[in-house]
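Next up: the structures, one after another.
Note that chain A is present in both complexes that follow, paired respectively with chain B and with chain C.
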Partner chain A sequence: MTDPFSIELLTNYLLVGAALFALGMLGFIARRNLIVMFLSAEMMLQGVALSLVAFGRFHGNWSGQIFTIVILTIAACEASIALALIVVLYNRRSSLDVTVWQDVREPGIEPVDVAAEARGAVLATDADGTETYPTLTPAGVEPAHPIRPWTERRR
Partner chain B sequence: MTEASSILATVGVLLGAIGTYLLLPQGRGEDKARASYVAGGLFASLGLIGFLALMTLPALSPLDDLIAGSFFYLFAAGAIGCGVMTVTSRSPVYSALWFAGVAVSTAGLFLLAGAQFLAAGNTIVYAGAIVVTFLFVIMLAQMEGKAAYDRSSRSPGRAVFTSFLLLWSLAYCLAGLPGSRREDVAATAAAEDRLRPGRVLGADFFPKAADAAPRVALERSLRPSSSLFIEGDPARPKPNVAGLGEALYTDHLLTVELAGSILFVALIAAVLIADPKPIGGAGKAA
Partner chain C sequence: MGFFVSNIWLIPLLPLLGGLTAGFLARRIKLDPFIPVAVGVGLAFLLSLGAYASADAERSVLVSRWIQAGSFVVPVEFRVDGLTTLMLSMVTFVSTLVIVFASGYMHGDPSYPRFFAFIGLFVFAMTGLVLSNNYILTYVFWEGVGVCSYLLIGFWYARPAASAAAMKAFMINRVGDVGFALAIFWLWAVVPNHDLSYQNVLAESTLHGLPEAAKWGIPLLLFWAATAKSAQLPLYVWLPDAMEGPTPVSALIHAATMVTAGVYLIARSMPLIALSPDVQLLIASIGCATALLAALIALTQTDLKRVMAYSTVSQLGFMFMGLGAGVGSVARLAVVAAIFHLFTHAFFKALLFLASGSVMHAMGDVIDMRRFGGLRRRLPYTYMTFAVGALALAGVFPMAGFWSKDEILLALESAPHAAEEIHFAAGWAYGLIYWLAMFTAFLTAFYTFRAFFMTFWGPEKLPSPDDPEAPPALDHAHDHHHGHDHVVTGDAAHGHHEVGVESGPIMTYPLMILAVCAVGVGVLFGPTHLLAGHLEHTLGFESLPEGHPEFSWFSAIVSTIAALGGIGLAYAMYAVPSEAPGRLARSLKPLYRASMGKFYVDELYQATVMKLVLGLAAASRVFDVKVVDGLVRGVAGAPWAAGREVLAKYHNGLIQFYAAASALSVAVLLWLLLFT
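Right, the complex of A and B next:
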C-alpha cells in the first residue's frame, strides 16, 4: 500500500507554513508594540512547526514531530525570557514601544523619528557630501543608566 | 512547473500584500477611513483565496478524503486569516485573541497530518501562552489600543514588501513541485526523485546486495523505532503517543536532555532578568 500522504499534500502544508512564517516576519518588522512583536515571533515558530510535521509525515518518520517538541520547548524558553524583558523595559520607560529604545543602536546610526517618517518627510540626502563607504557596525552600546536604579522608581 | 501556478502565486501574493498593507496601522495614528479597511479586507481575502487556489484539491471519491480536504482548507484559511488579523490588529488584546485562532488552526492541521499528541500539546502550551499574554496586556497596556505606537507601524511599506517577497519566493519554489494545479509531471519526475521518502529510497536506491555497505548504513540509520508505521507499512500506523515516546526516548534521548538543560538555563535567565533587586545588592546587604 502506498502512503496516502502524497507530495501534493506535503506542498499544501508547506504553503500554509510559509504563509504563517512570512506573516509573523511582517508583524515582527512592522509592529511597534513589544507584546505584538512577541506574538509574531511565536507565529513564525508555528509556521516552521507545521512544515516540520508535514515533512516528517511525508517521510514516514517521527523526526518532524520530535523537532516540533523541541520547538515548543524553545518557544517556552523564549516566552519566559521575552516576557521578563518586557517587564524590565516597561519599568524603565513606562512604554511598550520599541522605538523608544533607539538609543541602544550602534553609534553612528541616527535615531529615526517614526512619526516624521510616517508623514512622508524626505530626509535630506547628502549627495554632494564627502564620499563614504559602508563600515561594519560595532556591537550595540549600553544604554545610559538612570541615576536612581529603575527598581526604586516603580509605582 | 507550469506558468499558470506561478502566475496564480504571484497574483495571490500581490493581492495579499496590498490588502495587508492597507490593513496595517499607518500614519501618525490618526483614524483611517472606513473605505481603507473595507478595501484592505477585500484585497486580503482575494489574496487568501488565490493562495488557497494554489493548493492541491482533495480527492473527491472517498468521503473520508473529501472531509479531510475540506477541514484542511478550513484550518489553512483560519490559520492564515487569523495570522493577518494578529499582525494588523490595533489592540494587543485582539492580537492575542487572533493568535489563539492561529494556534487552534495549527493544532487542527497537526491533527490532519497525524500528529495527535502535538495537536493537544500545541493547544495546551499556547493556551497557557495566550493567558500569560493577556495578563501582561492587562498589566502593562491599559490604554486599550489608544496608544500611538499601536496605531502606527515602523515603515509598513518596506516591511510588507520584504515579507511578501519572501512568501512569493517560497511559493514560487513550491509551485515547482508536482500537484493537481501543476499537471506537468513529466518535467518534474527528476525533481520528485530527490523528494522520495527515505525508506522508499533505501529500498529502491540500493537494491542489489543486502550487505552492500551503503545499504547497511542506511538501514542502521533508519531504525524501526523511527518509523511512523509498523514495518514501514502505511496501512498499519503505530499508536501516536507510544510511537512518539519510543522514538523520543531511544533515538533522540540526547535531544530530551538538551531540551531540559535549555529550559533550566532559560529559567535562571528569566529570574535574573526580572528580579527587582539589583544584582550586587544582595552581597552588599550581607
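Right, the complex of A and C next:
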C-alpha cells in the first residue's frame, strides 16, 4: 500500500507553512503594536511547526510531531512571559507602541520620530489619574470584584 | 624474586614519606623532624642492602604504567642490577650518616623541619634516579635532584649570595638538561618500538642498528648532560658556589651523591658510549682538563669548604677520565674503575665535608682558614677523621682513594694500547692524560694537606673579629669568598655553639663511621674484586670487552710517590708557619693571582655568555612588547574600532529595524548557500 502522503501534498503543506512564516515576519517588521508583533512572532512559529509536522508525516516518523509538541509547550511559556512584559511596559508609558522604547540605543544617535503617538506618550508616573492597563473587549459576566473594576480605573 | 626485589619501590618511597612527615607533621605531633627522615632513609639503606644481595643484570620490577599513548609507553619500572644496587646502598648509607650529623649541625635553625623535608625529598629523587629503568624516568628524577639541589643551596634564601648561587646552579643545570632532552628525543627516533628502556636501548641489536650519526651524537649529548650535573668543564662553575648551602648539603648533594649522577648516567650508558672512541677521548680530555684546572684553583683558596668543592670537581674529573679511558678492550675495566672511584669518593669526600662542617661549627661559622689554626687539640675527633679523609683523598696506601685512583690510572695506562688494537689513531692522547692525571694526583695531595695543616697544625688560633682577613661587619653580602662567614644573618641562626669546642657525639659519630669506611671500602672492594664482580651483574656490562686487568706496580708506585710528595711539600710549607708560601706566591705572582681568582672563568662567563644571554633577553622583551603584544592588542582593537566607527550608527533602539536587518541577512545567507 502506497503512502497517500505524496511529495505534492508535502509541497502544499510547506507552501502554507512558508506563507505563515512570511506573513508573520512581515507583520513583525511592519506593525508597531507590541501585542500584534507578538502575535506575528507566534505565527512564524506556527509556520515552522506546520512544516515540521508535514516533514514528519512525509518521512513516516514521529520526530516532527514530537518536536512540534515541544515547540508548542515552549511557545506557551513564552507567551505568558511576553504578555506579562507587555503589561509592565504598558504601565510605564501608557502606550503599546514599540517605538516609544528607543531608549536602548547608542548614545549620540537621534531617536527616530515614528509617530505623533510616540511623542504623546508619557511616563505612567508622570500621567495624572490612576494606573491603567491595556484593554480587550470585555466578554461574559463581570465577576464581583473585590477591588475597583478596571473600567473605572481607566483614565 | 625475593622480598627485596619485589618491594624495591619502598626504597624511594620511605625517604619521601619521611620527608613529608618532617615537613608537614613532625612539629604538630611534637617529633624531632630529623627522626622520620633518618628512619625512612635508614630503612631504605637496609632494603638497599637486601637488593644488593639479589642484584641481577636482567632484573627489573614494573611498579606502574605512567604514560601510555598508543605504542609509546613509559612505565615506572625499577631496575635491580649491580650498578643500581651499588649506588642505592652508597646513597642511602651516606645520606643516613649525613642526616644524623645534620641533626646536630642544623640544631636551632628556625627552618629545621624544612631542611629535613628537602633532604627526604632529595633522597627520594636520587634513589629514583638510580633505580629508573628508562631514560625518561631517569630524566624526571634527574630534574628532581636538580630541584632539591636548588632548594638546598638556597636554603638560607634571605642571604643574597645563597639565592644567587642557587639560581646559578639551577640555570647551569638547565643547560645540561637540554643535552639530555635532545639525547632522549634522538634515541626515541632511532631505537626500535620507540622503547626507551635500558634493556632495549643498550641491547646489542639496537646498538648495531643505530645510524652512524647517532653512534657519536647521542653519546655526545649524554656527556653534555653529564658535564652540567657532574660539574665538568665548561659547566662546572656552579659547584663551588653551591657551597653557600648548609655544609651537610654540600657533603651529601654536592660531593657524595647528586654530582655523581652524570658519572652514573655515562656508566649506565657505557655500551652506547663505547660505540664512539672519539667521544670517549673527549670525555677523558674534558675530565682531565677539569681535574687539573680545579686542582690548580684549589691550591690557593683560603676557604676550607671551597677547597673541598674544587677537590670534588677535580675528583669528578678523575671519574670522567676513567670513563673516557674505556676504549676497546679496556671498556669494562675503565667503567668499573670510574664507579669504584665514585663509590670511595662518596665516603671520604662526605667525611671531609662533614669534618669541615664540624670545624665551621666549632669556629662559629667561620670557614676562612687564615682565621683559625692549630685546632688539633681543641677538636681531636674532627682532627683525626679529617686526617683519615685527607689521606684517602690524597690516595695514600691503603686508604680507599688509593685503590680507586689506581684503577683509573691503570685504565688510562692501558688505554693507548687498547686504542691501537681498534685502530683508533688519537689513542696516544691517553698517554698525555695519564701523566696529567698523575700530576693532578700530586696537586690533590698537596692542596688537601695544605688545608689540613692550615686548619689543624701550627700555633693555635681562634677566629676573632680583629683579623685582617675578617670581613667587614656590614659590607660583605656580595663578597663571594666569604659568603658563609656571615655573622650578621643566615648561619648565625643555626647551632649556637661555643666557639672552639668539639662538636657533640651526634656529629662526631657519623664522622668516625665514615672514617672507618674511608679506610676500609677501598681494600675491601678493590683488590678482592668484590666490586668488579658485583658490577658484572649490570645490564650491558657483560657485553663490554673484558680486558686483562693486572695490578700495575708502576702506576701504584708513581702515584704513591706523587701523593707522598704532595703531602711532604704541604708539610714543608704549611705545618709550621713560615715565609715559604708567601715567597713562592710572590715569585709566581701572575699564576698565583690567576689561581686565586679561579682563572677568571666566572668573569669570562660574565663577559661572554651572560652578555649574550642578557642581550637576547632584552631583544626578546622588545619583541614581546612591540610585536606580540602589538598583535594581540591589534586583534582585540579591530572589532572595537569597527563597532564604534561603523556599527554603532545602526544601534538605534528600533526593534523593527533589528528584525528587518536579521531577516535580510538570513535571506542573503540563504541565497548564498542555495544559489552559489
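Structure notes:
The rule we apply is simple: the second predicted complex is superposed on the first by the 110 of 155 C-alpha atoms of A that agree within 3 Å, B and C clash if a C-alpha of one lies under 4 Å from a C-alpha of the other, contacts with A are read in each partner's own complex, and residues count from 1 in each chain.
As a working rule, a contact is a pair of C-beta atoms (placed from the backbone, for glycine too) under 8 Å apart; a residue touches a chain by one contact, two chains touch by 3 or more.
The structure displayed is predicted, hence computed values, not measured ones.
Aligning the two structures on chain A places chain B and chain C next to each other without any clash. Contact with chain B, but none with chain C, is seen for A:V87 once the two complexes are overlaid on the shared chain. Legend: residue contacts after superposition of the two complexes on their common chain; A:I29 is shown touching both chain B and chain C. Residue contacts after overlaying the shared chain place A:T99 against chain B and chain C alike. Of the two partner chains placed around the shared chain by superposition, chain B is the only one that A:I69 touches, whereas chain C remains out of contact. In the superposition on chain A, contact of A:A19 is made with chain B only, not with chain C. Looking at the shared chain after the overlay, A:M43 reaches chain B, while chain C stays out of its contact range. With both complexes superposed, B is the one of chain B and chain C in contact with more chain A residues.
Minimum C-alpha separation, chain B to chain C, in the superposed model: 6 Å. For the contact definition in use here, the residues of chain A common to its chain B contact set and its chain C contact set are 25, 29-30, 32, 98-99, 114.
Against chain A, the residues of chain C that register as touching in their complex are 648-649, 651-656, 659-660, 663. The touching residues of chain A, counted against chain C in their complex, run 25, 28-30, 32, 37, 98-99, 101-106, 109, 111-112, 114. Of all residues in chain B, those touching chain A in their complex are 20, 24, 26-28, 51, 54-56, 65, 72, 76, 79-80, 83-84, 86-87, 89, 92, 95-96, 99, 102-103, 106, 109-110, 113-115, 117-118, 121-122, 125-126, 129, 132-133, 136-137, 140-141, 147-150, 152-156, 159-160, 162-164, 166-167, 170-171, 174, 177-180, 192, 195, 197-199, 222, 226-229, 232-235, 243-244, 247-248, 251-252, 255, 259, 262-263, 265-267, 269-271, 273-274, 276-278. Only residues 1-5, 7-16, 18-27, 29-33, 35-36, 38-40, 42-43, 46, 49-50, 53-54, 56-63, 65-66, 68-70, 72-81, 83-88, 90, 95-99, 114-115, 117-119, 149, 151, 154 of chain A touch chain B when the two sit together in their complex.
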